[in-house]
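Chain naming follows the written order as A, B, C and D, and within any one chain the residues start at number 1.
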Amino acid sequence: MTKIWQKSKSKSNSIIENYNTGDDYLMDLEIFPFDVQASTAHAEMLGLIGVLTNEEVKSLVDELDSILKNFQKGRIQIRVEDEDCHTVIENLLIKKLGNVGKKIHTGRSRNDQVLTAVRLYTVSKLREITEINKDVITHFIEFAENNKNIPLPGYTHTQQAMLSSFGHWSLSFVEGLINDQEIINKAVDINNQNPLGTAAGFGVSFPLDRVYTKKKLNFDKNIINSLFAQASRGKFESLTLESLSQVMLTLSRFATDMLFFTARETGFVKVSEDLTTGSSIMPQKKNLDSMELMRGNASVIFSHQLTVKNIPKGVISGYNRDLQLIKKPLIESLNIAQSSLEVVREFIKGITINQDVIGKAIKKDIFAVDMANEMVEKDGVSFRDAYVKVGQALEDVKEFNLEENIKSKKSLGSPGNLDLGYYKKMLKKL
Amino acid sequence: MTKIWQKSKSKSNSIIENYNTGDDYLMDLEIFPFDVQASTAHAEMLGLIGVLTNEEVKSLVDELDSILKNFQKGRIQIRVEDEDCHTVIENLLIKKLGNVGKKIHTGRSRNDQVLTAVRLYTVSKLREITEINKDVITHFIEFAENNKNIPLPGYTHTQQAMLSSFGHWSLSFVEGLINDQEIINKAVDINNQNPLGTAAGFGVSFPLDRVYTKKKLNFDKNIINSLFAQASRGKFESLTLESLSQVMLTLSRFATDMLFFTARETGFVKVSEDLTTGSSIMPQKKNLDSMELMRGNASVIFSHQLTVKNIPKGVISGYNRDLQLIKKPLIESLNIAQSSLEVVREFIKGITINQDVIGKAIKKDIFAVDMANEMVEKDGVSFRDAYVKVGQALEDVKEFNLEENIKSKKSLGSPGNLDLGYYKKMLKKL
Amino acid sequence: MTKIWQKSKSKSNSIIENYNTGDDYLMDLEIFPFDVQASTAHAEMLGLIGVLTNEEVKSLVDELDSILKNFQKGRIQIRVEDEDCHTVIENLLIKKLGNVGKKIHTGRSRNDQVLTAVRLYTVSKLREITEINKDVITHFIEFAENNKNIPLPGYTHTQQAMLSSFGHWSLSFVEGLINDQEIINKAVDINNQNPLGTAAGFGVSFPLDRVYTKKKLNFDKNIINSLFAQASRGKFESLTLESLSQVMLTLSRFATDMLFFTARETGFVKVSEDLTTGSSIMPQKKNLDSMELMRGNASVIFSHQLTVKNIPKGVISGYNRDLQLIKKPLIESLNIAQSSLEVVREFIKGITINQDVIGKAIKKDIFAVDMANEMVEKDGVSFRDAYVKVGQALEDVKEFNLEENIKSKKSLGSPGNLDLGYYKKMLKKL
Amino acid sequence: MTKIWQKSKSKSNSIIENYNTGDDYLMDLEIFPFDVQASTAHAEMLGLIGVLTNEEVKSLVDELDSILKNFQKGRIQIRVEDEDCHTVIENLLIKKLGNVGKKIHTGRSRNDQVLTAVRLYTVSKLREITEINKDVITHFIEFAENNKNIPLPGYTHTQQAMLSSFGHWSLSFVEGLINDQEIINKAVDINNQNPLGTAAGFGVSFPLDRVYTKKKLNFDKNIINSLFAQASRGKFESLTLESLSQVMLTLSRFATDMLFFTARETGFVKVSEDLTTGSSIMPQKKNLDSMELMRGNASVIFSHQLTVKNIPKGVISGYNRDLQLIKKPLIESLNIAQSSLEVVREFIKGITINQDVIGKAIKKDIFAVDMANEMVEKDGVSFRDAYVKVGQALEDVKEFNLEENIKSKKSLGSPGNLDLGYYKKMLKKL
């Protein structure tokens, strides 16, 4: 297929061409629909400013609509020789509409095209992720409510430290995911700016109506400076991946806890069998593979975020082809984060708590600090002296009743004062 | 000096102790004042809830005040055997106030102490950075205004592409830094939550008045869940470093452009001599070392951000000592970003444009797309046909007048339609 | 298809299953042939120690051979529900050979299977890369020889510093790639150790003849400790990616130089048109996209290396599913490095030097240090005084003859003393 | 103090100067002695080729010797205004020797000076690390020998999988560290090449005797190409950090295991009290802080390795100031890895095994695969059928005697066939 930048039948070098395209054309399967959407807005706008006639606009818009339908039915592929989805779409328009198709590229460049499609795609994915995240938060709140005062040892340094509860533990993920969602929201804001009309990075002489395309594409506002539009590549993706990294930090902590709590030596919780995997050699194994992969996937996204930042670093202003390589880590990360949230949603629903086991696992020295605090309150000893006293006679630490001990922790956000209502209110706000 | 966790004169292993403390105690010089501030709020709050008497509060607050003054005068050092600033401060209180000093640690842990101090410190640094950033933006706007229509070749692929202007170029940094500031603001929001009162991560039985400490310390709101307070480590620092990374992406692009534009082969701009450095062997050299270091420093911060994320990954809920290592990359990055902004501020003021050199450097094929667009507008040729036609006869591209060509780019955000007013309005909003 | 770890028709959860498999099954297309090779060795060995009869061995080996042929003809696919290539191969053996097929997994685990296949694959790829690298070195030596004394400004700080030559420049890549090859060789050594027979990581009771499989699979030696075999994951891949990173550092420097030397403002070299790419909007553009992608691809591999290290960090001894995610960055990086070398090979062949342009670009102050050195040699002035003297009167620097100046640099490895013979000798040794 | 590149009293900008120097001058405290060593070799060589008289050489060498002694006694500081150790040393020579001091810089540049000093320093540190590593290996072998058949559950997916032993576990670190040492050795090789005499990267006209300096400085060979000498920055440091990363991967696995094995819920081992740390609030805590820091320090080094690679990426050939920032991550990483090895050495000596606890923790289904294997051996059932059979009736798995079961694993490298002799032999070879 003709490359849109080809002026003549020049010889080409397939080693170079394959290197240039890489597997980027496969990434374009994800952004294809958004390029159609942006092309439609662009065509309409060209009509508004008189560059295209109404008939031309209509035939372009209709044909773009039919291209989208064909794509959704799986009838359009992007081949390596097509380079990208932009070429496929423009070539299809030319094939079908001839001269009119050749007009769609007026006043735009692949540079603003790809930016527009990627930003639309990212906003769309982040919104899907938001919905799942809210659902996961809802499930964690429900789990917290159902298991509010069920004891769970609290750990520091992988050692039992003080008494916690499943309610307390579960809400730590809720508050984490609420913080994460705030960052996702900011990523949506930063993504949701219209680059269409900035062309190759230096504007155009056509009086493009960028306010129209902005509105049509539901962008919050326009990126004004056309050179900045290009310079924003790597930046908005990095913030996007930061928001996903934050989610993965929360989820990978859940995963690590699950692996620890389901080890035979702890055995605090069980998960339903459909969440586990067997071994090819050990018949007895029921493993939490997805929790391990979640830890690993956190690392993958962290590195991907680094890639999208390191690529533009040290590169002069204006589009440079290196930027193409930002697409893949972005797309992979969005998909990983989304499926990770889905997996965690399954897990929360599949947890059974082994209260007996936990009861036996808790040893009385978990109450050492409670005892020191009691000395402070009842005997007026200074904390530091009480601390030393208890530490020197740990065998004298008394056994507190678990549930009462949980309830005695009254400071805001302690196991005995979870403030569930706060989280329900926050969830509604998201 | 006694470690605050020592119950007895147990033998210690200096290899282990040195490893545990590392150079973290030096980092604590930065957060020392914020720990004093938080300790003051904590003491006052203990008074409010009746754990301390008014006299005890007064003597603690006065002594903390005097500790701060001594610290600011350089009279207090943190030695490796002190472990951290928290120990130094508590030990000084005990030394001076005896039993009253031993009461300050009631209802708190070093776990929420360090979190509080680091969050206060970070908010304070981000606000300093904000002020410098606004100043840098102001200078870039001024530079843009002064050099609005001065031609500058626009590059893609390190090749002259289309005509740009210094105004256009300068505003690309303005819009970048405004986007960056929005992310800094979000980082401030996420940092600005009160962890004081979450103790070791599992709350306490004392009815701490966390609303009081929140207000006293000017936090926006409380972190509710005490386990999340601990789990937030690595997360708020990562967002902080993301905001700094965004700044560094903008600044390192400026640096890379400066290095290219001041190379003898381009020679588009000169910088004042006090911004340059010589060579130890080549007497003729005047180098832009700080611009090179800015590129490198971007890489340093990117890696630091990764560190703060990778440390908590795969670690179970609750405080773990690994988290200590997050402080150093945080502090280093804040200092680097701040000084990088200061350096760029110096540079904008020191740029002289060589208009003659630029005029000669611009070759007429930079107008190829303008010529194609003219064909579209005047002759009604489709863009794609015009593109091929111009491409096949580049020698026929006509020479446009530079300033006219700049002005002809009328689409919003193009060199001929910079919308300077927008940026001034945005600056006021920041 | 039945998973090999399924004991019963338990319900399964497709969200979890899809997450667990991810796109790992696609990665297995690369290692499929090596798993066949290892399975063959394993079957033969089971025969040698009497676990299988000669007939059983023969039928397994024959069937494995036919599986390989079918795979190479594209007749075998790995579907997501197959999980991996190991399952596909074992299931095909069982389907064809029934009970005999069910015996192949005796004394092995997927844990040592995947390790063996990945190590064989990596060694094979590194050897392909070695061949291309040697070829690239050969071309750079040839280029150096052909352009030995052609002047090229030498840069420090992106500023002309001292005179260099294309021979000198070209050999800097030769010496780089020779160093890189040494590291590749070490990566081959570390990879080339036999893990087959370590089973799930804890050995087996069968007296497996690991010396036989080691020899049959052309491994240098056996990994002895079976737990270490598992713990080596992430480690040998990281070293592999380190060797590729080293190559990419060399090649991305070449790429960056090419982008600078082909900019219009320098114009020192041209590359043949088939190495360049056009623009979708600017008809005049001939861009070196592949050189830009090479810079970006360096960043991709650097991050991938980090991923393979961060995944195993903080994970307890023994196989954990996180490790699966190491395969993809490994495979992608090997392919990227290989194609990057191929692209550079094309480029060296396509470079034309513009001697005239270079001659004009060199300004006489490039000889400042030569002049200072002359003062030292002829006038007995100390270097530091000569340096100051020349620096204060740069206008008096005399113009040296370019070729003579190159030849005057006689110190070993200087432009005038390239020691081409050394590199030819080294190349033979590789 | 005068900067060695200053030609005149030009005004200077302290913001820029402080940014340029950063904390690099503090790093130079580590490489100071190596710059003295290299300066001595350089001076002697200048004598050999007649650039300096014998008297001049003698006075320089004597003065350098006395500078070194003063430095070692702590009498020489590097201040921020000195920029670096090279300046300090040259200025001291000039101060003391006048005109003769001004001659030391003949035929060299700070570019080859810093390279030489850093390479000498790195080789020296890697050799220290090697000695400690060998010592750690020795201790692990001893531990393995002493606890050869002491049972330890083997884990996959954080679940008991098959029986292992402390001998088996301990040797997994031995084999790891032996592999790591091979990579350290390669890092030594790559570092151990002489850059002295390559000057600023473009050679010099003086007939420097680089063979002499190479020999005098105990380098293995010369870097020939002077431009490559500069281009090697980031590369040799990255390989150095790769070798340290490999060590950290091994050690952080040890750390993670220790944290799991000392958790109360497992309680398999205890460590002596001097290896543990207390809590500021919980009197009962004895934490393994150094093991947690070791996990975190692995992340620090991984990121540092990335920094040293990302800095040179995308930078044109020849020295650029960005490279200065490579020193700090290099030096920090060498120190971290060294102290991490020292800490692990303390730990191995401080481990007590709780055999009783382990005995109770091992449940019989750990023998499921052994039972399947028995069916294969005794009943001639295929492995796959035996696997299914055992999996369907796990309650029938018989309890094997622990020590017998360990000994029954006869395949090379299994718990019953550790091949201790191999490791002793390897240790001698290192």
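Operating definition for what follows: a contact is a pair of C-beta atoms (placed from the backbone, for glycine too) under 8 Å apart; a residue touches a chain by one contact, two chains touch by 3 or more.
Only a predicted model underlies this, so the values are computations on that prediction, with no experimental measurement involved.
Counting C-beta pairs in contact across B-C and across A-C shows that the higher total falls to A-C. With centres defined by CA atoms alone, the chain at the far end from chain D is A. Chain A and chain C have centres, each the mean of its CA atoms, that are 31 Å apart. If you average the Cα atoms of chain B and of chain C, the two centres end up 35 Å apart.
Shown for chain A are the residues that touch two or more other chains, namely 4, 7, 105, 111, 156-158, 161-162, 199-200, 260, 278-279, 281-283, 285, 287, 289, 292, 295, 299, 302-303, 306, 310, 313-315, 320-321, 369, 387-388, 391. Put simply, chain C touches chain B in their complex at residues 156-162, 259-260, 262-266, 278-279, 281-289, 292, 306, 310, 313-315, 361, 363, 365-366, 368-369, 372, 387-388, 390-391, 394, 397.
Those residues of chain B that touch chain A in the shared complex are 4, 7-8, 51, 90, 94, 99-107, 111, 154-158, 161-164, 168-169, 171-176, 179, 182-183, 186, 189-190, 197-208, 210-211, 222-229, 231-232, 234-235, 238-239, 242, 245-246, 249-250, 252-253, 256-257, 260, 295, 298-299, 302-303, 305-306, 309-310, 312-321, 369-370, 373, 376-377, 382-385, 387-388, 391-392, 408-419, 422-423.
Looking at the complex, you find that chain B touches chain D at residues 3-7, 10-13, 15-16, 18-20, 22, 86, 105, 108-111, 199-200, 273-275, 277-283, 285, 287, 289-290, 292-293, 295-297, 299-300, 302-304, 306-307, 310-311, 315, 320-325, 329, 339-340, 342-343, 346.
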